[in-house]
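In what comes next, chain A is part of two complexes: it sits with chain B in the first one and with chain C in the second one.
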Partner chain A sequence: MRAYKPKDDVQAKAYYTDRYYVAPQVPKSDVSEDAVFAADLEAIQAKFEVKEAYIQVEQMVVYINAHDIYGVLKFMRDELSYTQLSEMSAIDWLAKDDTFEIFYQMLSMTKRKRIRIKYFINNGEAVDSVEKLFRCADWSEREMFDMFGIQANNHPFMKRILMPYDWQGNPLLKTYPLEGDEFAAWYEVDKIYGKEARDVIGPEIRDTARVDRYDSERFARLGHEVPKGTEITGDEPANPQEYQEEGGVFLIKKYTKESSKIIDDPQR
Partner chain B sequence: MAQHKVNYTQDGGLPVALTSIDKIVNWGRSNSLWALTYGLACCGIEMMASGASRFDFDRYGTIFRASPRQADLMIVAGTLTKKHAEFIKRLYDQMTEPRWVISMGSCANTGGMFNTYATVQGVDRVIPVDLYLPGCAPRPETLQYGVMLLQKKIRANKAGNAQKAKRLM
Partner chain C sequence: MAQIKNRLTPFFENISFDREDNELILNFGPQHPSAHGQLRLMLHLQQEMITKAHPDIGYLHRGMEKMAENMIYNEFMPTTDRMDYIASSSNNYGFALAVEKLIGLEVPRRAKVIRMMLLEINRLMSHLFWLATTALDIGAMTVFLFAFREREYLMDILEGYCGARLTHAAIRIGGVPLDIQDDFIVQLRNFLDKLPQNIKDYEDLLDTNRIWLMRMEEVGVIPTDMALSWGCTGPMLRASGVAWDIRKEEPYELYDEVEFNVPFSDKGDNFARYRIYMEEMRESAKILYQTIEMYEKCVINNETELMAHAPKYISAPKLDIMTQNYSLMQHFVLVTQGMRPPVGEVYVATESPKGELGFYINSQGGPYPYRLKLRAPSFWHTGILTDLLPGHYIPDVVAIIGTTNIVFGEVDR
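On to the complex of A and B.
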């Protein structure tokens, strides 16, 4: 696994990072600017604690407490007509403050409004499943578990959904290397042939642009092919690419231009 | 039997052709390559097009079979994920010998553009490959040319049971 690099000393390392870079922020506006959202927020605030709320890109974002999530979503579905859970997942903030941000994107077809419910959990904590409210959360929570390792309490089938069951690691974590860790690199070899086959099959070659014309195990020079493993000297005879042997094979004649009849008349 | 008399010595000769066992067995093998349908990604679309009427794989005796036990050619058309790797090995093991494998397209050859944790970096890490087809995706003509090259390769072999079984290890 790739280690977390501390991000608090980026000012000292001006060589690699743009020290004046500020990530662009979409402007946020107050909830009171939209009457529908203001009423919805007031209804939520009457029952649950709301930490922060604002409107961003015509959608309301509401931060709540982690333990309120089932109640808030049930209330929104039954009372506020936000009947669809479009999407839910997590955001990895482990490098910043060792937390995950969980978001639930809600849609009301009657109000034509979208609300995003968010909360933070610490690393290693579990969330409450909303699978009983929205069936689509079943697979979303499994994906969240697969990709981030966040468990959902009361989920009926808390198993990996994309990666194999015996996979190790959570690929969407920012610490997970894109090309995979040691386990991922040898996964298929270990599983099919066993660990002792690693020496025979060899490591993955990740550089797809690599061409070595002296390596006849993996590369063939077009028109100068030699049997696998031959030592390349550079004076290999030309080997024109023809799919048929000279003289043809049993019952099949070789096509030659001379023996074929060419129709010159386009009208025939 | 036909009522009319055919004078074989004069009209077209005897209905007999002389050949060697090697040649006739390899002729049979190379001209009835039954391929396992193995479309894993977009290359599979090109493989299907090769089998359909416009390009017509049946002309080469290549008929797609949905069962590995009826197939002697595996055209791996598409991205092989690590999750799927054990199944390609299992299907390959179920095919009858002699069997051949065409790795079709960049993804099957080397992993292609999917330089990620979830993609097998070339199917030859799992099963032995006879022919690598470049392209993303290779056109049906390329696949048919590849099959014809494979036919040539098959005809160059000895037909007897002396043929060495291909094993990755």
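On to the complex of A and C.
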């Protein structure tokens, strides 16, 4: 029987893991260990509900409620001098519990501190756009929409940014295969030649390491080429390539393997 | 099979039409020599003035974040080269540092010095390339030839080190693979000794050049709040009045041991950015002189380690692998299965020549990252064109794109 492969996460998996392997954790420390972070967290906690907060690799991570995000970022920007949104995106946890985790990486240049604000949303829910606070969220949220299909409310231009506008599927979802899906395989064929050419051209092969031994037109059969359309049986006669005219050309002798001398004395 | 030309239903392909309100829509790119890559701009024009700009990206999208999720950590290293391919070691470094922070590795001192040398050489290469192409876009052919000559010299040094000119893959997680070659320091010194004169040559050609000044001064002014709001970093932010350099503020490697200045300006225009690139080249040269001294001290102190010692994550030195059975076994497992960093997440920002290059890695304890987000500075430096271009004229577009120093390997990833 074929081994069962889960469909909700088709990304590469470790082919072998020791059954007693327990992954170590990146150490987390308490927020009270850093005075600046502790003060910031206290200020945020006074106004908003904080679910969890800790320090990991010199940065504070704060979990909040999804509906508070606009307020929290506005408060952080105006009151706590976190003036830059470095990065924001999502993490796909659909296979685990049908949620997305959204993170916002904030930077304060006066305090030299970085805070990561995070929250969870359920599959199909939208996030609140923070584009009014940080203009860079305009493109980040579009990228998140493009890659995960997460909509942002109140966004001025919720369109795909990296993929074509008429693309189907969200490439960074764990359910999306690395080589692309059915739609991706036919996208360019349909677009350039039309659907009726599908039989002639075939789907686009995005696996660059693929070697097709029945391919009569590519390098795979170098030296054993056959006319196009010939049925491949596997015992085609060798058809060595000759790159020189018989008898050689002016000043250049014809090279033959038999007349060449192999020097096997390493000292010569 | 013949290609049916009109089968390609255009979104906006090559449309430029007059409208009732006398507005012209101009399609700039994606194949435009001065767009520095596959940038497409939809420009709404009133006469020659831009009223609305809509940058369209994605023509070089290769899905690197997706690839990262399907590659072991060391496998992804050469892919990072293809982000900012003008200064690829800085991408290697950003990724290596992020994984090292995740694992909690300490890199040997000699490797740190070599890394700093590579990073600053890359910064010089990137800035020289920026100067050359921007000057060429604006019409200064001589500067282009001069700057490429110097960049070629640096590329030769790096070719001697890692064998590649553009895609170096010269940094490994845990250190560097090789010591620098014998004539590296001699060649670097030769180059650095000539550099001040070279920079002066460029400045003599440009600083008082009327055409250059007209295209640069008071053009493309980015106010401080706009730069902050759009996530600008690096020279783009420093030209807008914020003296923020990650090398200085959150020092990594040995940047806290070297002396250098952070040039900044409060003008925010093209000319300010140009001046900052020139000054940064001088500062990089200063850092490189100091790293040469540090390297020579490492040699005297006999610090020969190049890779961190962490058998769980990093392969042993070649000699051990060839002579010790256990090292060979570990190397085999690390190559075939890959290292497994601890469960956790990390965001590490480094100062690449273009700005803040950040790597967010979420590890679930497997050999593949669960999520890897690349924070490329050029992405937002392209986005800012939406707000920056309106009010400018068509010729300014080329000058502004030039000084934003965007690289499309990094924008589209």
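Simple rule for what comes next: the second predicted complex is superposed on the first by the 182 of 268 C-alpha atoms of A that agree within 3 Å, B and C clash if a C-alpha of one lies under 4 Å from a C-alpha of the other, contacts with A are read in each partner's own complex, and residues count from 1 in each chain.
We adopt the following convention: contacts are C-beta pairs under 8 Å (C-beta built on N, C-alpha and C of every residue); 3 or more make two chains touch, one makes a residue touch a chain.
Bear in mind the structure is a predicted one, so any value in this text is a computation, not a measurement.
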Contacts of A:I262 with chain B and chain C, given as first, second, both or neither: neither
Chain B versus chain C as contact partner of A:E87, first or second or both or neither: second
Chain B versus chain C as contact partner of A:A35, first or second or both or neither: neither
Which of chain B and chain C A:A46 touches, first, second, both or neither: neither
Which superposed partner A:L251 touches (first chain B, second chain C, both, neither): first
Touching partner for A:I205 - first (chain B), second (chain C), both, neither: first
Touching partner for A:C136 - first (chain B), second (chain C), both, neither: second
Touched partner set for A:L178, first chain B, second chain C, both or neither: both
Superposition-derived comparison: chain B or chain C, residues of chain A touched: C
First (chain B), second (chain C), both or neither touched by A:A23: second
Intersection of chain A interface sets (partners chain B, chain C): 163-164, 171, 176, 178, 191-193, 197, 200-201
Chain A contact footprint on chain C (complex, rising order): 1, 3-4, 7-8, 11, 57-58, 61, 63, 65-67, 69-71, 101-102, 104, 226, 228-231, 242, 244, 249-250, 337-338, 340-349, 356, 358, 360, 362-368, 370-371, 373, 375, 379-380, 383-384, 386-387, 412
Chain A - residues contacting chain B, complex: 163-164, 171, 176-181, 184, 187-189, 191-193, 197, 200-201, 204-206, 208, 241-245, 249-252
Residue ranges of chain B touching chain A (in the complex, touch as defined): 17, 19, 23-24, 27, 82-83, 85-86, 89, 106, 110-113, 115-118, 120-122, 125-126, 145, 148-149, 151-152, 155, 168-169
Residues on chain A engaged by chain C in the complex (per definition of touch): 11-17, 21, 23-26, 28, 56-57, 59, 61, 83-87, 89, 91-92, 103, 105, 107, 109, 112, 114, 116, 133-136, 138-139, 147, 160-165, 171-172, 176, 178, 191-194, 197, 200-201
